[in-house]
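Each of the next two complexes has subunit A plus one other chain: subunit B in the first, subunit C in the second.
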Partner chain A sequence: MPAVLLAVLISLPFWTPSRYWVSVAIQALILAVFAMSLDLLLGFGGMPSFGHAAFYGMGAYACGKLFPQLTGAGLLAFLVAGMAAGVIAALPIGALAVRARGIYFLMLTLAFAQMVWGLAFQWTSFTGGTEGMSGIPQAVPDWLQEQGQNLWPALRTAGPFYVVALTVAVLAFAGLTAITRSPFGRALEGIRENEGRMRALGYPTYRYRLAAFVIAAAFAGLAGATTALYNGYANPSQLYWHTSGLVLIAVIVGGTRSLLGAVLGAFFVTIVQLVISSYTEHWQLLLGAVFIAVVLFLPGGFISLGRLGWLKR
Partner chain B sequence: MDVLNLAHGSFYMLGAYAAFAVVSKTGNFWLALLLGPLSVGLIGGLMELLLFRRLYQRGHLAQVLLSFGFTLVFVDLVRSGFGPRTYGIAPPPGLGGAFHVAGASFTKYDVFILGVSVLVALVLLVAWRLLKVGAVLRAGVSDKEMVGLLGIDLGLVFTLTFAFGAALAGLGGVVAAPFVAIYPAMDDNVLILALVVVVLGGLGSIEGALAGSLLIGLAFSFGTFYLQEFSIAIVFALMAAVLVLRPRGLFGIRQ
Partner chain C sequence: MRLEAQEISVRFGALAALASVSLDVQSGERRALIGPNGAGKTTLFNVIAGELRPAAGSVLLDGRDVTSLPTWRRARLSLGRTFQRSALFPRLSVGENLELAVRRGALVGRRRAVPERLEAAGLSAVAERPASSLGHGEQRALEIELALACEPRLLLLDEPMAGLSGAERQAALERLRNLPRSVTLVIVEHDIDAVFAIAERITVLDHGVKIADGTPAEVRADPRVQEVYLGRP
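== the complex of A and B ==
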């Protein structure tokens, strides 16, 4: 399944009819990275964050704040800056939040994220207020820009950036897969299932949870940086709780405890949001209804349908 | 009743729209004050009966997710019913205008809101502390089976409580309608503020919710006045601080 998806995604600019679909795919890939990062926390770590947008937004704002200095340094510098911003924000927030469990964790992450949003929204002199920051360059390397223009002239700048977004998403998928399959990831799942027993086995569970929180924030920051580069701006809506809610929907609908599920969910949400919305303005109704149905009847998400079909046990 | 409902802001919004619909049809605000909470309470009761009830064993997260789905649905339903426009209604006749006391001026409607709030708070406190329904609820949250064994239909109590909570949110919306803008995303702010208030006061404590709302109101007003750039951040910092230092809230009893 991942191989098929990857093949479709790699070949996409060669057969897609228009720039529009490439831009939809770029946004879906960015949301996919964001959703995978939340899945590490929610699915594998059992920590239901309702404030994950804080780190996504921080990644975007880091690019907005630093682009005059970073433009010379190139694409990688922006992505690293986004991840670093996520980590820097996640250390103090995580240190306090991962002590809490369940509903309290959810409320605490929401509180911190809304705090960050409040700052971005009101502290105009530092953050640009409601306008946010704009003028962030796409920072696509010259050689890629040239190659992309030659290969897919009709796609203009969307083609080269699609390569960037796809690379970021594939690397994030590979990195998070490695993390979840490592002893660390196994221990994290153990802590989710039975924290007391893991502690009795000698695992420092607090540090494991905090590490998962920080890693998730780093990947959220990466997604935020990518979206800032693509759109050219950072604004408070990227930090608002709606964004946390949207990515939560993506993960739940696609299926938690599976990175592929998060990716599927992200594509579904993006398609509903961008494509369906061009046919009907009631995309929220559809998204909400599907979400409600999944929560009620399919707690494993879309991905669990596939599992049922293929592994009939 | 130990349910986390993000659609509570939507109930408030539905109340405000109900007020708008009734007032623009009949011109009678007092009818809206009756019909708004009733209809919203009915919707809330149905939601509990048909959906939330299935999720109690699955914990808070499932409730959060389900109700979050509903916030999206309600916003879009309202938008398709009334359009994306912003509406406003006038205060009821007799409550328009202002009066002056000792050099300060108040609008009559502000005083009306104050009166309604105090009345609702009193009713809630009495019901929660002194009446049997409050005792049943408190007991039902801490030990469902035991209460069931005593021959009390807890399902009915929960449905009615949920409906009553929804009706109160609807009442809030009706009462707020004459002095706020009525638009499809108006549930947003109220919802998050209500969450902050409840967390601050302590989950499961009516007194706490009252104290929390006073505290947040004051913090927000003073913050807006003195530290304009940080007023929102201060409110949420307060929420985070309470959650870290005293998760059961300022007045909460159980954890």
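== the complex of A and C ==
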């Protein structure tokens, strides 16, 4: 299944009817990275964060703030800066939020994220206030810019960055897959299933939960940096609770406890948000209806439709 | 490992769940802790394991005061426990459950011990199934094996036989009796035959107070024990 998906995504610029679809795919891939990072917390760690946009936004703002210095250093510098920003914000927030469980954790993460949003919104001199920061370069490496145009002449503007977004998503998928399958990931699942037992077995569960929170924030920061590069701006909406809610919906609709489920959910949400919205203003209604239907009738998300075997895990 | 619980007191609001209870268990000893429902047996286990901070008193493992250590640190000092209500990882497979236990909080190594553990618990056939799908008897076997897989030197067993059939009870008893003397055992059990089959000394709690402490013969002969516990059908 991941292989099929990857083949579709690699070949997409060759058969897609217009560059519009490439831009949809780029945004879906970015949301996919963001959603996978949340799934590490929600699906594997059992920690329902409603404030994950804080770290996504931090990644974007890091690029906005640092692009005069980073432009010379290239793409990788921006992505690393985004991840670092996510980590820096997640350490103090996580140290407090991870002490709470369930609905309290959810409310705490929401509150912290809204504080970050408030800061970005009001500290105009540092963050650009409502406007945010713009003019961030795409930072596509020169060789890719040239090769990309040779490979996909029909897609001059969207093409090269598509390669960046797809590479980031594939690496994030590989990295998070390795983490979830490692002893650390297994321990995280153990904590989700029964934290008291894990303590009794000798696991310092607070540290594990905090580590998961910080790792998830790093990948959210990576997604935020990618979106800042693609769109050229960082603004408060990237930090707003709407963004946290949207990625939460993506993970739940696609299927928690499965990174692939998060990817599917991200594509679904992006298509509804970008494509359906051009036909009807009621796209949020559709998204809400699908969300409710999944929660009620398909608690495992879209990915659970593949119980037939080959789609699973 | 020697266990000393010294003058432990625990309050839940107005209720004195434990009132200055002391317990001294020698290294390698088999001790039973009995008493009627609500006597405070599980509460005492929670204090020893580190899940509950006592209002007064201290817990010593091999003479070291661990009263302020968190649960996971005590576990790493080789304190293992089972829970009265099975505390498994329901959606993980039986093998994955044991894998978490054999790692004992570490992130490296030791995974090779899992097949032996499955074998010892008689769970090899269900290794791939989620723990939640096991029958009660198998869940209890896994519950005990999770604690044993950590190779504890002090093992607290909270009603390990509860709800087991006669044959399962016999198997569990055999497993416990075959434990090496390097393991100190404290067992809470309502099945009085099992208690007398295992225990070398018995401590009796009632309403948070220790009312007797001695050899099985002494405890059996104690009039107060007969009154509050053994005498009742």
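Operating definition for what follows: the second predicted complex is superposed on the first by the 307 of 313 C-alpha atoms of A that agree within 3 Å, B and C clash if a C-alpha of one lies under 4 Å from a C-alpha of the other, contacts with A are read in each partner's own complex, and residues count from 1 in each chain.
Just so it is clear, a residue touches a chain if its C-beta (ideal position, glycine included) is under 8 Å from a C-beta of that chain, and two chains touch if they have at least 3 such contacts.
These numbers were taken from a predicted model, which means no experiment stands behind them.
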With everything superposed onto subunit A, say whether subunit B and subunit C fit together or clash. fit
With both complexes overlaid on chain A, does A:117 touch subunit B (first), subunit C (second), both or neither? first
Looking at A:174, would you say it contacts subunit B, subunit C, both, or neither? Reply first, second, both or neither. neither
Which superposed partner A:282 touches (first subunit B, second subunit C, both, neither): first
Using the touch criterion from the header, give the chain among subunit B and subunit C with more contacted residues in subunit A. B
Value for angle(subunit B, subunit A, subunit C) over C-alpha centres, in degrees, nearest 10, is 80
In whole Å, subunit B and subunit C in the superposition are separated at their closest C-alpha atoms by 13
Residues of subunit A defined as touching subunit C within the complex: 182-184, 186-187, 189-190, 193-194, 196-205
Contacting residues of subunit A [partner subunit B, same complex]: 48, 50, 96, 99-100, 102-104, 106-108, 110-112, 114-119, 121-125, 241-242, 245, 248-249, 252, 281-285, 287-289, 291-292, 295-296, 299
Subunit A touches which residues of subunit B in the complex? 4, 51, 54-55, 58-62, 64-66, 68-73, 75-77, 79-80, 188, 192, 195-196, 199, 228-237, 239-240, 243-244, 247
Can you check the complex and tell me which residues of subunit C touch subunit A? 49-51, 70-72, 75-76, 80-81, 83, 87-92, 96, 99-101, 103-108, 146-147, 150
